[in-house]
Amino acid sequence: MTFLTRREHFSASHRLYNPMFSDEKNFEIFGKCSNPNGHGHNYYVEVTVCGEVAADTGFLINLEILKKILKISFIDKVDHKNLNSDVEFLSNINPTSENIAIACWNQIESQIQKYCKLYSVKLFETEKNFVEFRGNVK
Amino acid sequence: MTFLTRREHFSASHRLYNPMFSDEKNFEIFGKCSNPNGHGHNYYVEVTVCGEVAADTGFLINLEILKKILKISFIDKVDHKNLNSDVEFLSNINPTSENIAIACWNQIESQIQKYCKLYSVKLFETEKNFVEFRGNVK
Amino acid sequence: MTFLTRREHFSASHRLYNPMFSDEKNFEIFGKCSNPNGHGHNYYVEVTVCGEVAADTGFLINLEILKKILKISFIDKVDHKNLNSDVEFLSNINPTSENIAIACWNQIESQIQKYCKLYSVKLFETEKNFVEFRGNVK
Amino acid sequence: MTFLTRREHFSASHRLYNPMFSDEKNFEIFGKCSNPNGHGHNYYVEVTVCGEVAADTGFLINLEILKKILKISFIDKVDHKNLNSDVEFLSNINPTSENIAIACWNQIESQIQKYCKLYSVKLFETEKNFVEFRGNVK
Amino acid sequence: MTFLTRREHFSASHRLYNPMFSDEKNFEIFGKCSNPNGHGHNYYVEVTVCGEVAADTGFLINLEILKKILKISFIDKVDHKNLNSDVEFLSNINPTSENIAIACWNQIESQIQKYCKLYSVKLFETEKNFVEFRGNVK
Amino acid sequence: MTFLTRREHFSASHRLYNPMFSDEKNFEIFGKCSNPNGHGHNYYVEVTVCGEVAADTGFLINLEILKKILKISFIDKVDHKNLNSDVEFLSNINPTSENIAIACWNQIESQIQKYCKLYSVKLFETEKNFVEFRGNVK
């Protein structure tokens, strides 16, 4: 089994809160991440696909294809954006790292499976905090 | 001459624009950085001081003092904040990396000069873009 | 399946040796790592937990809880310490990276399982050498 | 289950192309990577082994043994080399990251299995592109 | 005085040798870097400019201008190239890090001085070896 | 003016204290760094030399010479050592980062000046704390 990973970067702002919670509860759970005017991060996303290496090209997938899918369906929609208000596929979703990683998976999976299998989406909020989503068990 | 540097981190959101410019001009100059709802970064700041090493301690400055000045006068005021609306010492200042570095210098210089000389403030907006301010020529 | 990782840092000294071995055998096996007066490292530890993302918070686990468990039960007990002599839970244990990772797992697992599942403890001795422990097969 | 990883570095040049393809097809598939005079990279390789930790040494494998196998059987043969023309075990192989990782696995596996199990070979072509090979399913 | 730095990446191959030297002397001086078929690196270049911050934009120079100059006049001419044979401005120049940094300076200086002052060109051949050129004393 | 830097690594343990101070004063000044049994770090040292680039080699200094001086006169004497007890040139010196950087300068300067000028010694105790020594004003 061979795995190939592409790492990309985007900068975005967000605010963590649940509109169903009171202000007190939002602050209790999300702390300074619930600052009303938001804050932001340099996010890194690592998308890993897996499958067989083609004998004629030596590629699992042509990296240019993977880069293009990732750029069009995810990076261009979140880079230099406010994740609470500017991103259609995150509307009504609290933009925690967990939820952003899952949303990224949902944005790209169907396109990648034309070529190989999507294995994982890893999202780094900072160097010290990161999440990984490997899809739902079916 | 000996130099000592402390590196710290903060996460913040910002929007680049000049209220005196038209929307078109703001977009022309600041591009996607002028997105109305803002975006954000994991900023790193490196503060460098210089001077003589004390014979009895082997320290240029006790790092705990430098960390405390930096935390109270700068990091705590910008971390998890919106740099356009939440930071008093940046009010009416366009929060470019250049202006943030200069503002950091102004926040900490008078306190540091009780101990040694402030040499430079380096601000990393991303791994690829950073500025350094070394004070005004007098 | 979703995974969340927290990365922390500590600085410590250690000496590798087995008191049951002769000095010659200790040096043969542990080389310069068996220097009698010890040496040290900036260790990084990455703790990964896994589970379901809660619908109301968007969190797998509140990161503040994970940070607190890790700080109190592991980091505070090893940071700026001599791993051979200063750490109760490492007494009579040769402080190799393998053994430190396993000891970290044992220190934090019972507390983490109140919230989610501990998946792995990764310990970086240097950028070039690291170990990962994923628990015992039961 | 415990895992131990060693990270090493080598610098090499390569050109991606398939001699069975036309020049046009090579350029279409491999793009600028098929530049006739080649280009190059600082490659990083991470070799991960797994197994049980020995009670007397606290080691999964003595790192010196792993370093020696990796150096003699792989690094010394690719470092400061042209991967298309200078490396016997890559002759007639298109030196994509996928194929280099698989070739590294084949070079070291039989020697490592005297001590423990080879789990994975991860090859970083750049910070943004990397592949991992975990052996063939048997 | 304010400084702004942009970091860019390129991958290239090279061979160090002086055609005026014998093969023996080339090997004695350049060692494995004189391997006839070349080797390669992921190079990073950091270009630093200095000057005054404009009051209306908060910019020393618009980063988009600096990126464009750097891309057109340097990166596009060296990325995925063989530095001995594919780069006009390096013809008849031994592509050591020192000479590449100086050549980069010469490629971009006249264009940058329309906006501000070029202060330094830093070239990283690896994480462990890098050079910096700050222009000729006049 | 051209500068060339070599980055090296060593692992060592140390304890900060002044034998002329009381235990209380040592703890007040050095905090957890004065833990009696010591602690340790992965240190990185960056040595920068400057001068003219030779026309025939394209080198400021042959990197192999710089590496050899640094290895023999500094790295081999501090790597995997206790800086308080195992290093002759640090005897009776409190091993702060400032003092280690100055000691490194003194160990290598006379040998480097046969070839070019030593410009600076930068010592990283952690990623967040580092010092630089540029020699004494004469």
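Each chain carries a letter (A, B, C, D, E and F) given by its place in the written order, and its residues are counted from 1.
Heads up, the rule we're going with is that a contact is a pair of C-beta atoms (placed from the backbone, for glycine too) under 8 Å apart; a residue touches a chain by one contact, two chains touch by 3 or more.
These numbers come from a predicted model, not from an experiment.
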| item | value |
| --- | --- |
| Relative orientation of copies chain B and chain F, as a Cα rotation angle in degrees, nearest 5 | 120 |
| Chain C against chain A, contact positions shared by both copies (same if over half, else different) | different |
| Reference interface D-E: repeating pair among A-B, B-F or A-C with over half of contacts shared | A-B |
| Per Cα centroids, the chain farthest from chain C | E |
| Computed distance of Cα centres, chain D from chain B, in Å | 42 |
| Chain E-chain F separation of Cα centroids, rounded to whole Å | 28 |
| Residues of chain C touching at least two other chains | 127 |
| Chain pairs in mutual contact under the definition given at the outset | A-B, A-C, A-D, B-E, B-F, C-D, C-F, D-E, E-F |
| For the chain F and chain E complex, residues of the former touching the latter | 1-8, 53, 56-60, 62-64 |
| In the complex with chain B, residue positions of chain F that touch it | 16, 18, 20-21, 29, 31, 93-99, 101-102, 127-137 |
| Interfacial residue positions of chain B with respect to chain A in the complex | 9, 11-14, 32-33, 35, 37-42, 79-82, 84-86, 126-127 |
